[in-house]
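Each chain carries a letter (A, B, C and D) given by its place in the written order, and its residues are counted from 1.
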């Protein structure tokens, strides 16, 4: 039972991380119908930025967070303006390829700036391990859980109650209508990218504290895409639910099924993809996706 | 309108391609005029016919380095070691401070040729061809998959290589990838033997499991002979857990599994990017030699302890690493040599990674092979086969000034250079030597 | 709007020198057959053409002597032109009230917005009941009311209405047109109305244009258009004296049309 | 419309013919002679590059049929190459099939696996399909690592040198010729597939699948057919690559390769057979350029400069093409050629 609970709780923390990354993706998709494959690269960028500010420049934590977010705001804005805006009206594949190419550029830049080496900056975040009986929750996971929850709540509130949130939701549904109503779509797109970048780097700073920073960090973005598919492309609630679900399932699968595998596991890495392809076979629009009727 | 296009287009593209390719290699010293046989390489700007022995000759050492990816920090340090060592040899014309008799001919200078394979076997093969055509007579291998990919080529082309990895696969069939660290299975055996000495509970057998990197490196020990050996020693073998080489999440699940299965000793091949988060998480879960749940972690990759120990501090206490390189604190002659070189060639950016020492050892091995071969063949006319047969395979009792635990001896069919395993442990953030253990030859040759 | 030529993708020419004028506070109807370029005309005015890879090749569009044909749709909206697009583009997952607030997005006078919101609910009492409901569940007529209300919330000077009667029951059509007329009279909003239901459109319009193949072929006050035999015959399905149309008449119309353009 | 002015088609057969003028035959001949002589003067590493480009061209032809022509975007193409590669390795190393039998079998196996993963394609498309193919890659990767007895797991699998009717395919030049022949063959096959009934159906499905279905195109059948054909190309390319390195390893087929393949289609021109060749050349040469200038940058920036650049340069090329020339080199070239066709007018 302890084993089970330990796995479940670790999965929960991991799932919240997935959800955080998935939300960045969903926001961009909702607002501009663009699929941002590079979301995982924002996470990687966040990790390296966290490393730079915390471990190299030794800034205090709060200042580092502000600095990281500032860089993300600029990066998100610049990427939207230079790379995505010229593609408005182009087919879906063009936008997808653009974000993939962006992923390549971001990764390349990270390699040029920071080298391909593994970096760590742990022991910067407060160490508050929570022990529930025999189960222990690592502080980074705990902080991750708290931060993700705060970020998600803030975003939800923003979408629900602010004018800009209304504009973003409206643009997500019908760009022509909203532009006709005087809402500047470009502003909404830029904002979506900025929010996604910020959410991504915040996730990266958290993750970097847990497992160190490396180029491979962006791989978590691919898993988050499985979360996105599962939750439905345009549902934030779906992303959270699917993130938590996948995080927990992945951990349980690794814990209980790995030893049964012919060559010892690695199931955690592939599990989200297996779940995703199964779900796609049964529900082609994910579990919570809006089904859009296609007009002939 | 989808009909065949004018083939001028293709011609044009090919021409463009050539321009790019040629301009890319242009400026380099590779000449592409002679037939591409491995034996033609009179490197550098050597004239067609070398009449006088005084004609200057440049010999290259080096090979492929995985400067991107999980091994990046290791390989970068190795490369630094290569570069400094070559400078030193060119300045002093002897093999090492302790070898005044092993002199380098005055007309020979060394240079390093390298390429970043980013830990991809296909890139390795491409770089290998490229460096070979530039005149590299030796090769270096950055990781097990790369070694596996190169193995057949190296044998076919008769090129000797040094390696940072010590895959059991290099031994069988006996190839020409010369290692300077004990084969991983022997490293594991040493840790297992050491742990057994401290096992006092007579009521039960100690339980052992693998906690190892999910990569070729990590899976090197997953062979039946290894398990049989552990059971022969008196262990109860529980199973294996794999951690991604660079985890993107803490390996809590794998650690919880060890706890659940009451494992006493976890053996694995892990490099620094994998072991740091793993041990950190273990401590957090109350697992370790000094923690509530008693378990010892033994890792078998010599490279990372010098980075691991200072980065982890007290958290890393009790971690055992079967390595081969002397610690920076050691007073060995070789370490002093390394420090001297660093002071001379990189006064401001000292390399603290232990793989710098590995770089020196590998570079020294390659230089020694070239030196030995050139005592028999004119250095300007050396072929890779000469370097392999008259060089690498003739290296006997080569001292590394104590960087390695024993001297290096190679021969045909004997690519394993050392014959002891050095065990080190992290204690209070420092590296403490636990002693040396003999090789057990677990992999059938 | 003067001598507009517009094209999609730089190739497909849709409008060939269209000129029309909407006077202050007037309702102007633009009628014509399918694919004639009516919707394109509206989108050219509101600037939405540019969002569909369309562009205005030549000519100019003026609002109070200011050229607006090069402006982005957002800027045009800000100048007081508000479009109700064909096919009831409600923002389905937003509530009714959120939909209306989107219409008022660019306005900063809170009191005015509140008053207008109230007025929209007075015009369309039906949607008041559903104000907290997700608008995707409204019926077709209610959705049409909602989008007209949303356009109204921008407090426009000119409303561009694209086929407000499309797919609605006759009784609903009458209701919608009554309200359009009312809005026009009470708030003095000018309207450019594109409509297939010619009878209903000309019923409330002051002036009418007939458009064929991207050209204006008739341009007359609404009451005279209503009595025009050709219009009656081809767009209202009533021919003079109830007789069946014959080939000669068709030819006559074509000839006349060509002569006009 | 790649013909000089004055050449007219007088019937359908003539119109569909690949070679129409003497100039075309001539330039084709010249090109083939040029390609055939590469091993005589090129250096070892350039020959390697040429061989890898040839293998990539074969693979990307498959992706072009699947994505460029049928509109089914696959981001798991290197996964299917991996299937072909491992099939080749297992069939020749463990089963002992000769090269000439193992190669088509590898293609066939990759095609069948492709069809299996293509099964959801009837119900999903666009981004969902992309993600399904991404899953396919990771699942294939994982399965290969799991069945260690068969595949060698992370260790990989050594492959014996191929023999072709007693003749050992050994040495770079021989292998280059093998790849050259197969690449030319693949180009012709790809071109011809588009001229068949199936090829026209693919394009119809890409342009509007619902309309195609209404017009009586068997959507599912043709989609699976596209998956099959595309993956056969991938399988053959994977088999060639494994045979070339005489070694099979999962890391030989990295995930990002699938992405570059799509990038090659973008740069070359989606849906065009010659575009495939331009795209592969452009991206591969940029990557080559990066590895050439990387070491000199290494002194200035950091030792990883080459890898960083080999990511940045092709990515930037893709970005620039997407923004300024979304229809690829093929289209640019086509416009340029327009002048030549109209000549002398």
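Here, contacts are C-beta pairs under 8 Å (C-beta built on N, C-alpha and C of every residue); 3 or more make two chains touch, one makes a residue touch a chain.
Note that the coordinates shown come from a computational prediction; the quantities given were computed from them, not determined experimentally.
Among the remaining chains, the Cα-based centre furthest from that of chain D is the centre of C. The greater number of contacting C-beta pairs, out of the two interfaces A-B and A-D, is seen for A-D. Per-chain Cα centroids separate chain A from chain B by 36 Å.
With each centre defined as the average position of its C-alpha atoms, the distance from chain A to chain D rounds to 32 Å. Averaged Cα coordinates give chain C a centre that lies 51 Å from the centre of chain D. Put simply, the C-alpha centre of chain B and that of chain C have 75 angstrom between them. Counting partners per residue, chain B has 67-68, 72, 76, 118, 214 as the residues that reach two or more other chains. Under the contact definition stated at the top, the residues of chain A that touch 2 or more other chains are 111, 115-116, 266, 269.
With touch defined as above, residues shared between interfaces to two or more other chains in chain D number as follows: 153, 303-304, 307-308. Every pair of chains meeting the touch criterion is listed here: A-B, A-C, A-D, B-D.
Contact residues of chain A toward chain C in the complex are 88-89, 163, 166-167, 169-170, 173-185, 290. In the complex of the two chains, the chain A residues touching chain B come out as 2-3, 6-7, 10, 14, 17, 111, 115-118, 120, 122, 129, 136, 138-141, 207, 210-212, 214-217, 219-220, 251, 254-255, 258-259, 264-266, 268-269. Across the complex, chain A is touched by residues 67-70, 72-73, 76, 118, 214, 222, 239-242, 244-250, 252-254, 256-257, 259-260, 272-273, 276-277, 280-281, 284-286, 311 of chain B. Taken in their complex, chain D has these residues touching chain B: 1-2, 15-16, 18-20, 24, 27-28, 30-31, 34-35, 41-49, 52, 153-156, 158, 172, 191, 194, 241, 245-247, 249, 251-252, 254, 271-272, 274, 277-278, 281-282, 285, 288-289, 291-295, 303-304, 306-308, 329-330, 333-334, 337, 340. Residue ranges on chain B touching chain D, taken from their complex, read 1-14, 16-17, 20-21, 24-25, 28, 30, 32, 36, 65, 67-68, 72, 76, 79, 114-116, 118-122, 125-127, 129-130, 132-133, 144-145, 148-149, 151-153, 169, 214-216, 218-219.
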